[in-house]
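Two complexes follow with chain A in common, the first pairing it with chain B and the second with chain C.
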Partner chain A sequence: MGYTLNFNLIWRHFEKLWGGLLLSLELAVISIAIGIVIGLLLAVWYVSAGRLVRTAIAAYVEFIRNVPLILLVYLVFYGLPTVVDIAYSAQTSFIATLSLYSGAYLVEVFRSGLEAVPRGQLDAGKAIGLTPWQRLLHVRLPTMLRITLPALSNTFLSLFKDTSVASVISVPELTYGAQWINFNTFRIVEVYLVVTAMYLLTGYALLYALRLVERRFRAAH
Partner chain B sequence: MSIPPPANPALLDISDVSKSFGTVEVLRSVSLQVTRGEVVTVIGPSGSGKTTLLRCVNFLESYDSGSIRIDGKEVGFRDTGTRQRRSERDLAKMRAETGMVFQSFNLFPHLTAAGNIMLGLRKVRGKSSTEARAIAEHWLGRVGLAHKADSLPAELSGGQQQRVGIARAVAMEPKILLLDEITSALDPELVGEVLEVVRSLAEDGMTMVMVTHEMAFARDASSRIIFMADGGVSAAGPPAEILGTEIDNERLRSFLARFRASHF
Partner chain C sequence: MLGQIAYALPFLAQGFAVTLWVSLLVVVLSLIAGVMMGVGLVYGPAPLRWAVRIFSDTIRGIPILVLIFFVYYGLPAVGIHLESFWAAVLALTLFKTAQVIEYLRGAVGSIPKGQSEAAMAIGLTFRQRLAYVIFPQAFRRFLPPWINGVTDAVKGSALVSLLGITDLMHAINQVIGRTYEAMPLYILGAVIYFVVNYALSLASRRLERRFSFIRE
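Presenting the complex of A and B:
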């Protein structure tokens, strides 16, 4: 083996990776938060709406699910400003894209959860005189949340990893930081080893935190 | 034109109600009057429309024709007589006048026993949390579950869950209580504790309509028994008459014979 591992150059530029990781988390948190709002609203709308709305929501979900994220990122960042008169930074553009993307996946998670709430519980809610809005808020959503928590954890984790796609439009998140160090030091093995470890540890930490939430939720309910 | 109210108006007045699911007629012009304090039991073979009738009373199911009134007020349709469905808000208000206990309990799994009872008291009756808690504890005491107030449904036996179900319904002080085969999903040894609660409510004068297969209980606890077959009322009368041997109704006789053969 003519190659000796040398991590010194990586540590010298470590702030690129650390800052990148923080930005990755920020992108994920903001996009998922917006995605949750989109997902919840559309899922609730879907289960109570007529065919037209259902078709429209299904079309949105299918479009997003069948187009690679990287393509969506290109479309929104390079494509949209050339046809419409808007300007945004790469970071804003990516947050918008990942929000729409996570929204589509979360609609699916929430919709199947809402539909899995047993009919009998809704009947019970009706029988004690709850209005449709109260039934949604106090019966359907809490039960839906219990049903969907494990699926939600998985979706959140994969959305966190999806932030790496932002590197293709030069958003300085973790993967971009790795590429920058690679270009400037040619320490390709070392930098990707370190970055892999960083994704891995963060992913584990996220999953662990979500499991704690799940467990607390189950205990409290 | 105004019609003077009858001298002794029925609390629940089901008149000429018909309903079809597709081409299947599940209710054929059913009429039934229940006065305050009465306990009416509906029996009949499965598929005879008993449960559907009960679910029409609080408009969990709509019906095609006829009318269902509680205290003179049409339950599901507007008072204009146009068969225009009530708004969801009005429907909710009307439904709060009746209580329902379900075969499969249908407790809210994320709420404790007390929480299940408090939800309607707080959101529908507008009680404060303290008031609602006190009422919930009172009713849990009545059904023998004072010590289970903070248990989740999953931590309770079937019989206990069903008693919470009853407490949840009666705590709302409904004008009429609908019981839909409430012991059918229970292990035999748990049936007694639930029926005991129903019996004590009957003694308190609670108006009830119940669908059940517990013939002995029907005989002891009801003031009237309705036998339904093929979506219609086939026979009606006091328990001694309906469950007696003199009854001149071939369908009822064969239903009871089959029933006795399988249960005794």
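Presenting the complex of A and C:
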């Protein structure tokens, strides 16, 4: 024991943590945006497709969900460039990985959301003469989004935490900033206390804001 | 290429054994700690409930990776020296314990209040109520999500590679460092993790169906 807390060095390098936090949020926001597109397209395709397509989509979902994220991050950043001739930065590589990762979780979320849309709503859409495309766009998707909003917020919050894995390929997000200060100043306990507080405050503030949004959409209908 | 990978297989198998060993330790330790703390959360006096709630919400609010680094680098700084293996097991156990607490709370909370009241009415003590009335029923709701959650321990264990522990993930990276066969080895690794975790999630789904009769 006999450890004296001294936060001075943490504050001196605080821009590493602050910039890291902003980058973590940015990575999570971009990844979930792309993940939502992947998830929506595949979920809509899944519910109307034949067996082969369903199997292929299920294979993608199960593969991503059952492999550690860190392995996927390595695979895309170190593995893929050895077989295909493309070059990308660590950050782009991580966004691609996290998008594919969140896409797999969101296919499941949207798929069960689509199935939870009451049959009567679709029949009503048919009765007033909407085309299948209009029924999807104006009836099924809006209802499904309202149903899946809580699951979407939860996915976003866990993605925010998952951005910490980007540190293993040196993307300077919050966890990377923490390690930098850890190795350069040795104020180890202090830096992880501050970083823990930053993850918690941001996470719970986001949770609170997202719950407000959810309540608004529920109250409106 | 295949020859090199075949040559590396025993080394990878050792890494895989470490992955399984870490996961097993974490799963068992977190089950014990989580059930005890979960009971504290549901039935304990207010200060205990608060303590468990804060513990669980804090652990679940931060990335596992931060937890691992905090334990691994932080404990020696305050004079507690753990081997890196045990630091990793401790960090992952803390993370899993928070999950187990929530599974237990959910499972026990789903048992109708009347069950507890009836048990009280026939004069069972608190321990008897838990052992003969609440737990046998809650067990069926606890088991499927818990087994599914074991996959989180297996996946989380890949992060211990960052502490230099030669688990499957680290073994793969080391073989790649020598052979430069990145893609085949990462795919091999992914397949191994997939097989283990997919089997667990299938078992979880099957149990859920098996126990679906209690959803009356």
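We take it that the second predicted complex is superposed on the first by the 220 of 221 C-alpha atoms of A that agree within 3 Å, B and C clash if a C-alpha of one lies under 4 Å from a C-alpha of the other, contacts with A are read in each partner's own complex, and residues count from 1 in each chain.
Operating definition for what follows: contacts are C-beta pairs under 8 Å (C-beta built on N, C-alpha and C of every residue); 3 or more make two chains touch, one makes a residue touch a chain.
Fair warning: this is a prediction, and the values are worked out from it, not measured in the lab.
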| item | value |
| --- | --- |
| Chain A as common anchor, with chain B and chain C clashing or fitting | fit |
| Touching partner for A:Thr148 - first (chain B), second (chain C), both, neither | neither |
| Contacts of A:Ile70 with chain B and chain C, given as first, second, both or neither | second |
| Residues of chain A touched, compared between chain B and chain C (which is higher) | C |
| Contacts of A:Gln91 with chain B and chain C, given as first, second, both or neither | neither |
| Chain B versus chain C as contact partner of A:Thr131, first or second or both or neither | first |
| Least C-alpha distance (whole Å) that remains between chain C and chain B when both complexes are overlaid | 23 |
| Of chain B, residues touching chain A in the complex | 58, 60, 88-89, 92-93, 95-100, 102, 104, 106-111, 119-120, 123-124, 152, 168-169, 172 |
| Parts of chain A lying in touch with chain B, wherever the complex brings them together | 118, 120-121, 123-132, 134, 138-139, 142-143, 146, 221 |
| Residue numbers on chain C that touch chain A, as the complex places them | 58, 61-66, 69-70, 73-74, 77-79, 151, 154-159, 161-162, 169, 172-173, 176, 180, 182-183, 186-187, 189-190, 193-194, 197-198, 201 |
| Chain A - residues contacting chain C, complex | 1-3, 62-63, 65-72, 74-75, 78-80, 82-83, 161-165, 167-168, 175, 178-179, 182, 186, 188-189, 192, 195-196, 199-200, 203-204 |
